[in-house]
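We just call them A, B, C, D, E and F in the order they show up, numbering each chain from 1.
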Amino acid sequence: ERDKYENNEKAGVVTGLAWTSVGGDILFIESILSKGKGMLSITGNLGKVMKESAQIALEYIKANADELKIDPKMFENYNIHIHVPEGATPKDGPSAGITMLTSLVSTLTQRKVKANLAMTGEITLRGKVLPVGGIKEKILAAKRANIKEIILSEQNLKDINDIKESYLKGLTFHYVKEMKEVIDLALLKQKVKNAKDLTVK
Amino acid sequence: ERDKYENNEKAGVVTGLAWTSVGGDILFIESILSKGKGMLSITGNLGKVMKESAQIALEYIKANADELKIDPKMFENYNIHIHVPEGATPKDGPSAGITMLTSLVSTLTQRKVKANLAMTGEITLRGKVLPVGGIKEKILAAKRANIKEIILSEQNLKDINDIKESYLKGLTFHYVKEMKEVIDLALLKQKVKNAKDLTVK
Amino acid sequence: ERDKYENNEKAGVVTGLAWTSVGGDILFIESILSKGKGMLSITGNLGKVMKESAQIALEYIKANADELKIDPKMFENYNIHIHVPEGATPKDGPSAGITMLTSLVSTLTQRKVKANLAMTGEITLRGKVLPVGGIKEKILAAKRANIKEIILSEQNLKDINDIKESYLKGLTFHYVKEMKEVIDLALLKQKVKNAKDLTVK
Amino acid sequence: ERDKYENNEKAGVVTGLAWTSVGGDILFIESILSKGKGMLSITGNLGKVMKESAQIALEYIKANADELKIDPKMFENYNIHIHVPEGATPKDGPSAGITMLTSLVSTLTQRKVKANLAMTGEITLRGKVLPVGGIKEKILAAKRANIKEIILSEQNLKDINDIKESYLKGLTFHYVKEMKEVIDLALLKQKVKNAKDLTVK
Amino acid sequence: ERDKYENNEKAGVVTGLAWTSVGGDILFIESILSKGKGMLSITGNLGKVMKESAQIALEYIKANADELKIDPKMFENYNIHIHVPEGATPKDGPSAGITMLTSLVSTLTQRKVKANLAMTGEITLRGKVLPVGGIKEKILAAKRANIKEIILSEQNLKDINDIKESYLKGLTFHYVKEMKEVIDLALLKQKVKNAKDLTVK
Amino acid sequence: ERDKYENNEKAGVVTGLAWTSVGGDILFIESILSKGKGMLSITGNLGKVMKESAQIALEYIKANADELKIDPKMFENYNIHIHVPEGATPKDGPSAGITMLTSLVSTLTQRKVKANLAMTGEITLRGKVLPVGGIKEKILAAKRANIKEIILSEQNLKDINDIKESYLKGLTFHYVKEMKEVIDLALLKQKVKNAKDLTVK
């Protein structure tokens, strides 16, 4: 059965859009930190390409820590765990890339994720957001799940233009070129309530 | 053949509900600590998703050690081993998540598990308990095994409502949203008899 | 061809009962220590579940070292190797669990194993011995091999009751609930002749 | 769908030529550094041979660091991540070798990559560039993608001679024997704008 | 084609007997030491069981270093490599066990191997030599290869008794129970010419 | 297409003879060193047996460093990478053994490889060169590639004798028994031009 958007107050929980054999759905990317030496672990019955997305997201963040206002010492003092719930469902593909990136940045900065927002898009090391497939099914699932805003690659604009106007009602689309735009759109300046103090002394 | 509830006085032994090709059954999740450097090992002829549940449970506990009143130093001084008996039976799926979480918290705190209680539910990093399948078969197995109370995701309420009233007689259901509710329901304040002194000096 | 009981004077050699496609047989579980840092290695053409039994046995011993009178420092100063001879025969299943446990305790304490004794049973982390299959074939093999006493889970009592009385003549059965009973029954107080001095200084 | 050349100002982004079951295409090799101990990680849904190309490129650079004006201390102080976007497409073969080599040298020196340039060729440890297949399809894709200059092994000259003149219009070809020629042709003396200071103190 | 016995003056080269799909043959087990930290590496296109034999042989030697007059410090200061030539032929099974054991002891002590000797037999941790299959084919191969003496498990005596007397002419058989008998029979007191000085200072 | 001999001035590049499904060919074995802790990495789309050859060659060199005039400290201060070009072609088998050995010794000593020389033969730990298959096809390929001298196992003499005289014209054969003969034949006393200073201080 299909998921609904959760007005989640927690850092690191970001809503993505998935396209499965039974149609579109939303999914949640979750991430947390624990004390450690910078290991990345990934769960959720994910295929190789989706695991690579998590790895790419983390490498990108490490290489651009300054711009993202993340203390590089965090990567030597915390382990990072990324999970994509509903373990019974195998998941794969690169389209959760920007969702994973946003989840990691939120966890590392404790910045709050914008409400009623979902996203789908592949990430690259050069910072560009690439288009993904299954846009129509994903949009329908987003509406059903009470999503109000969606972030997409600008190269997916043509896919939106192919969708019947009435289906798009009530949805605002943000077309992005760069991964930094995603972070700016998705994460509030404001920290989550009860933000963890992750400062490395 | 089917198992019976054991009035177990040991920390770390928690009763889960399983759904196999030959119907429902109860299963026991066991965990113990040994001196070490924080390695997690998992046995019991488990598939990938069930092993991931153990990993998620441990990461969640590490990230929420304060709230769970667990000294984070424990994770650097003990190895943790999780086992699910009946090695001849392959087991998989995410539904033992809350049972594994409860087992680990009991082992790490030496808190006693409530008697005649069983549970089934998927865990997430954001602390939410997700619904699982096979509820009817699991409930019948629980009754047969002398279980009195069952913890489930509130999203499994509809599955209970589909079951004939008479089958539910003698069972109390606890519908939960959050993983912390599971811990509060399942673990007594009281420690087990002969609780181990796991304090890290 | 079938093996015969060996009146073995060595620590760590324990007789188990196996059930293969060509009927029952006895098998020997062997273990030895070498200087090292606590690695466990396992050989003998074993399947995943049988390897897990060795891992469970060792974790159980580590967690209960005090009760078993084993100096926990041993686990940081010795490697442990478990072997099950007849490498040409693939072996699997959980039924060698108590045999492996007994072998490890004998090796770690240098206590002598009782003569003409064999055993079969699955182990758990909570210390309970679980029943196993193929009891009839195993009993016949034990007699043929000159075994006099057999340790079984009390839940295998019904399987013994199904066997024709005459087959059981000359055999003494010990039905156990707990793994500690196995150790008490199988290992003598007395050390083996030429016991190794494994004390960690 | 097919990619277009991007006038990319970033270090480490180099355009290669690929030949897939649906014809030729350009692809981007991306690489970045993060603080670490010299680990190489590789993503992009790559097969064994393409991963080996990345490894060979890095080993060649390490062994020839002096000639390439790269401080060997960098390899002990940074991890290197290579990614080939479009994770949904499996990729393999040795032909991205020179592209990977150029990407790594650009990242390690922060030298700018020449504009509107693409390349294809296998690398060796002895520094020789080997010819690759699918040249015709790759050339057509390069034109479509707005590429102006192409680097190839001199042993691929005969493949270019087989292509109809009109298809080659607007393209300049550089036939190389040695990997050092590739670096000299592809990387400007000039550093990228906002070049990172990667000096190891 | 079939091998001939080599009157080898090198430590660590021991002749075994193999039984393949094309009949019997002799094979050579080779081992050498290099400075290191006790790693065991194994080559020769070997299957799992034959690799386990090498591991068992080494563990046995480590646990019985005193009796074998081997300084246990050697295992922390040298790596050991075992190779079985003719890489084009896959090899498996436990029957090279005593040959591997003898090779390792010869390498570690630099004791010379007896001339014109071959052997076949499975090893155990308790020191017992187990019988193996293909005896007839192995014996014929040994004769052809100019072998004069053969070491076998005493449980293979019946297999020799089944072979036509004339085939056995010119061969001396040594039937052993214990692995120590193998070492005593196969290794001379005398060291090889140009024995390496492996003393750990 | 087939390769030609390259009059290569670089250390570590040695010409081997390969026998593939499309006939014989020459191949190049390349090796280089980079600062490190003695890791061996191997690329070139090689199968298990060919990778084992590289491992055997290195172990042999380590164990015989004195005779080969190689400072054993090199193995703790450099990583070694072996590559066999033409990644698109899967390669396997033991016949590149002597070529790998020669490549490694050349790299470690910076000795020049004799011009117009190729070789094929399996290596062993005891230093003996074993015969290999496909000799006729390999010889034809060597001629075509402008090879003048060929090193072979003396046990391949009979294969050469089976080849029509006229095919052998212009080729000199060196039949060897021992791996040391290969080194003496293949490597000049003279170092390569611009030999690297690999001395470990």
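Convention: a contact is a pair of C-beta atoms (placed from the backbone, for glycine too) under 8 Å apart; a residue touches a chain by one contact, two chains touch by 3 or more.
Treat the numbers as computed from the prediction; the structure is a model and nothing was measured.
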item	value
Touching subunit A and also subunit C, the following chains	B
Neighbouring chains common to subunit A and subunit E, by label	none
Farthest chain relative to subunit F (centres taken as mean CA coordinates)	B
Interface sides of subunit A and subunit B: same vs different residues, half threshold	different
Distance between the centres, which are taken as Cα means, of subunit F and subunit D, whole angstrom	30
For subunit B paired with subunit D, centre-to-centre distance based on mean C-alpha positions, whole Å	51
Of all residues in subunit A, the ones touching two or more other chains	none
Chain-level touch network, classified as line, ring, star, complete or other	ring
Chains in cyclic order, anchored at subunit A, direction fixed by subunit D	A, D, F, E, C, B
Contact footprint of subunit C on subunit E as seen in their complex	48-49, 52-53, 55-56, 59-60, 62-63, 72, 75-76, 93-94, 97, 122, 124-128, 130, 133
In the complex with subunit B, residue positions of subunit A that touch it	6, 8, 10, 12-13, 28, 30-35, 41, 43-45, 81, 83, 85-88
